[in-house]
Amino acid sequence: MKRIGVYTSGGDAPGMNACVRAAVRAAVYYGLEVYGIKRGYNGMINGEIFKMDSSSVSNIIQKGGTILKSARSKEFMTKEGRQRAYDQLQQFGIEGLVAIGGNGTFTGAKLFYEEFGIPTVGAPGTIDNDLYGTDYTIGYDTAVNTALEAIDKIRDTADSHERVFFVEVMGRDSGYIAIPCAIGGGAEIAMIPEAVTTVESIIDTIRAGWGRSKTSSIIIIAEGEIEGGAMKVATKVMEVLPDMDARVTILGHVQRGGPPTVFDRMLASRLGIACVKGLIDGQKNVMAGTINSSLVYTPFEETITKKKEISQDLIKAVEMLSV
Amino acid sequence: MKRIGVYTSGGDAPGMNACVRAAVRAAVYYGLEVYGIKRGYNGMINGEIFKMDSSSVSNIIQKGGTILKSARSKEFMTKEGRQRAYDQLQQFGIEGLVAIGGNGTFTGAKLFYEEFGIPTVGAPGTIDNDLYGTDYTIGYDTAVNTALEAIDKIRDTADSHERVFFVEVMGRDSGYIAIPCAIGGGAEIAMIPEAVTTVESIIDTIRAGWGRSKTSSIIIIAEGEIEGGAMKVATKVMEVLPDMDARVTILGHVQRGGPPTVFDRMLASRLGIACVKGLIDGQKNVMAGTINSSLVYTPFEETITKKKEISQDLIKAVEMLSV
Amino acid sequence: MKRIGVYTSGGDAPGMNACVRAAVRAAVYYGLEVYGIKRGYNGMINGEIFKMDSSSVSNIIQKGGTILKSARSKEFMTKEGRQRAYDQLQQFGIEGLVAIGGNGTFTGAKLFYEEFGIPTVGAPGTIDNDLYGTDYTIGYDTAVNTALEAIDKIRDTADSHERVFFVEVMGRDSGYIAIPCAIGGGAEIAMIPEAVTTVESIIDTIRAGWGRSKTSSIIIIAEGEIEGGAMKVATKVMEVLPDMDARVTILGHVQRGGPPTVFDRMLASRLGIACVKGLIDGQKNVMAGTINSSLVYTPFEETITKKKEISQDLIKAVEMLSV
Amino acid sequence: MKRIGVYTSGGDAPGMNACVRAAVRAAVYYGLEVYGIKRGYNGMINGEIFKMDSSSVSNIIQKGGTILKSARSKEFMTKEGRQRAYDQLQQFGIEGLVAIGGNGTFTGAKLFYEEFGIPTVGAPGTIDNDLYGTDYTIGYDTAVNTALEAIDKIRDTADSHERVFFVEVMGRDSGYIAIPCAIGGGAEIAMIPEAVTTVESIIDTIRAGWGRSKTSSIIIIAEGEIEGGAMKVATKVMEVLPDMDARVTILGHVQRGGPPTVFDRMLASRLGIACVKGLIDGQKNVMAGTINSSLVYTPFEETITKKKEISQDLIKAVEMLSV
């Protein structure tokens, strides 16, 4: 392998730039040529492909977002789109790919390999942390820290007023963000997609707090929980407790940005190197991840189909620590 | 005057603690005794009053919220409530008050003076900055910086995706928070209570941006603007532009917390000293503020009835800088 | 005037990019052409000059440093250097300049006008805040907030251990940074260039604190104070108090970087606009600044020769608040 | 076991409060009585012991430092001191201890058990991360993030000026803080106690950078490296390269403070629970830690005598990524 391409795809995550940087510099270190591909599969199809070297990735390790931009591509979902992408790669002489993204990204890469034989090694870049094959995804640590900083600020006010705060954090399919926010933010309850927390139980918790003169409560709500988000939960609770002084915060995309934490920069750097090393060693159709701090390559087939379960100990800890 | 009381009232604001600290230490410096009153007028009525000295306010200057707690008091709105508060103050020998809060706080203090002759000097503690008689209120600078940090993070994502972000910031009656967020955050539009921004004009701006291939936009919305907040505005815009990829963030009480900025600590310290100095000099029924960096005492009568206008230059700057 | 140039010079300061952005967009708004000049006078001499438009300054308002780079130029100190710079500007058809920097920058601009008639309007970009003609310089608010965040962290430790912390902040010629750090950080003493604080008085203060069982102290030291900085002061104090557990922190260039605060973005935006408006209105050889919130143009002659005095009230407040 | 005590000892670390909170609430959850001991072994000797319950640890999870204070105790190093400590514990009926600290703390606890039979389970609370028996210590993640934020700010300036920055971070005996700072901060070199980096090699690196027109460099220096710290290294380099524009930053105790990161709050919460659970299960003379995400109890004997080695891969990554 002499020439590889790097792209980011799907929702952006803090640390993607650190991963791009590591991949580019590892390529240089190992004597490969390296090209950047802009806007994910869209740019691959449209030939938004450019030569990178060590200095192309100077001063980006601390930046949120992705200098390669990101997009979702409908065209790559078609055979014609992938043919066009393949033709572009051929033209640039690109023999292997580093794909930074989530399962949508890897599904495309797998299909692409099956049809055209271009090997891809992926790095898990998503704040959601719900990818099988790695303990942590790039961007997750930063996103949770961002959410927690916001919750810390809310606590300053909570500490002075008799109020209930409903804070909606990201997590369409999992409570990976909500649970540490609840533990680290000293919240009373976390509502997550993986478990059913009824509005009744929230009302009970609030009332129980009032009973032991706990005058403020923070409820963390993953956007994907069954009731439909913080605004709906708050409305339902207020129907039963009309005197309750409630406030809703929806953190939204705030959680996606900002400079990556040390953890995410280290993870991204390590996995960026591992992607390039993997391609050199003949890996394909796999995602580089870390399990128990060890580097592991997991087939896309598995990352796409298997589910990573959130620890029951953590869910229990929310309850134990809010006594 | 030998003995004074200090309290915080209304919504909490970062810097209230710095102001309490300055008032207490200035009292000590000038040889007065000083008492803290908890939970605003509620604590005054219920005798939640305690002796403070220099060490009572150690290590609080950097803390958000208020160590004296805050509450709104229905009872103080009644003559009986105020009588009880007066009796409590008599019992403790308190002859003057430092009140940190907003217009609700000052309205109570004014009434209290008219009925019972207890002089109060107020300090403007509210993140909203819409108090007549001071260029800046305590907490405002911190709140705007907090909002702006969130907007900076949203821009990281905005920069990579073709999206429109609707960000709701505080401001029931004014655009004091929204306008600097828009200028400092590089937003396209600010919707504020003082001006009518139609949903149509937002749609036009978004379309115009698309026309010159500006692929992302940030719209800042003060909670009090006429359409009813970010969620409603976003919904209306999406009815007309169904293909638009829109995201809503409601910062909410995140803006109220956190350690105060230097600006707020300095302002709070200065005004805390000015309240105590004012009481010693015979001031009453006035709010200490700064206008053009000079210390000014403005009668509560005026702070309550007059309106501070937001600068038209600033509103124009949003437009000029988003060309 | 049809075409203007913009450059940054001297030490960089947070908000310089916001000022460049505002100048560029104001130029576009008023129908002028605008060129960026890299690396200050060096780039002017070497023709590092390029056309800018509205999109050249997208997504930079939040960035520390300066996208135009900065440098000190020995060559511009010579007549030959200035002649070369003038020739370059002629070649590009540049008729007026916006200079963002400090007194070194303005001294060059003044000379340049006297010799070649190119009008310059300056914006005060320096973290030191010691420029005559403006209440605040661009970058100052950010620098002080950065220093204060560091001091807040030190206090966490100070609060648990019996220690004396010596923290050196920037300020070769003034205590503008040290004084608010001391007030806002709850420090015991500020050593500044404008006043003589003897090592003996520091020893007295530390001992007095021990006397009233204050077990930790923070001493803020401006780098330019007479004893020669934190390391030397700490060494001298330890000679007298060998049992004292002392720690030294030198914040250094940490204070120069980071995203600008709201205050600095607003000030920079306002002054960037004012520079361009000033050039259009025929201003030259002046610095745009704000005094009591009003926009003021002050001749370079005065900004260079006059001294802005630090408020004695502030120096006194350090003492009053550390009782 | 019915009644336990909790204390923090040695240098404070962010997350100690989160650990105290978890230990107290776990004790409540499991039906134990729990007492706080102030100022480590000093307070144990002097009977600074007080009853805690769930509300004693409200609103502290986000706080740096330790509410239980910390101190080093000479007296506990003597048999008499330990006897007095034992008598105090007897008086309060305390049968087991949770000790949050480092090897000094654990050495004392081990001796104490051998002489008096009081079982202790320890939690690793130190920013240095150099404790055998756990992959991470409480406070380490926060300290590294704090250092990195400072380095990010320095890079803003580095990016505009031709300068070499020497940044001293903590680490008397190890490069655990320096290495991720170098990788995450994009530094050229890390000087650490575990490896010899000569001043000559630094000079070579700086010159090599100049050769490929890299105009600025950041050198990270662990305080314990062999040359004696940043100030000495900078001085030596400047003797050889007198024209080099160098700047020194000594972060010092800034790295010890601040609110803990999510990682540290989670780790601290988990280990605080594990300490209490361990005592209930009959553990003694062991430190609770996590290895490969699993909970592990390691005998104090081993944590004190064995050394945790820093990964050679990480040291190599600094070089690979700074190409």
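We just call them A, B, C and D in the order they show up, numbering each chain from 1.
Keep in mind that, in the parts below, a contact is a pair of C-beta atoms (placed from the backbone, for glycine too) under 8 Å apart; a residue touches a chain by one contact, two chains touch by 3 or more.
All of these numbers come straight from a predicted model, not from anything done at the bench.
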Mutual neighbours - chains that touch chain A and chain B alike: none
Set of chains whose contacts include both chain C and chain B: none
Gap in Å, rounded to a whole number, between the CA centres of chain D and chain C: 35
Geometric centre distance via CA averages, chain D-chain B, whole Å: 39
Distance from the mean Cα position of chain D to that of chain A, given in whole angstrom: 29
Shared-contact residues (touching 2 or more other chains) in chain A: 152, 155, 159
Chain contact graph, described as a line, ring, star, complete graph or other shape: ring
Chain-chain contacts as defined at top: A-B, A-D, B-C, C-D
Chain B to chain C touching residues, read off their complex: 18, 21-22, 25-26, 28-29, 54, 58-59, 61-62, 135, 141, 144-145, 148-149, 152, 155, 159, 180-181, 183-186, 259, 261-263, 265-266, 269-270, 273, 292-294, 317, 320-321, 323
Residue ranges of chain C in contact with chain D within the complex: 12, 14, 63-66, 69-71, 146, 150, 152-157, 159-162, 165, 231, 247-258
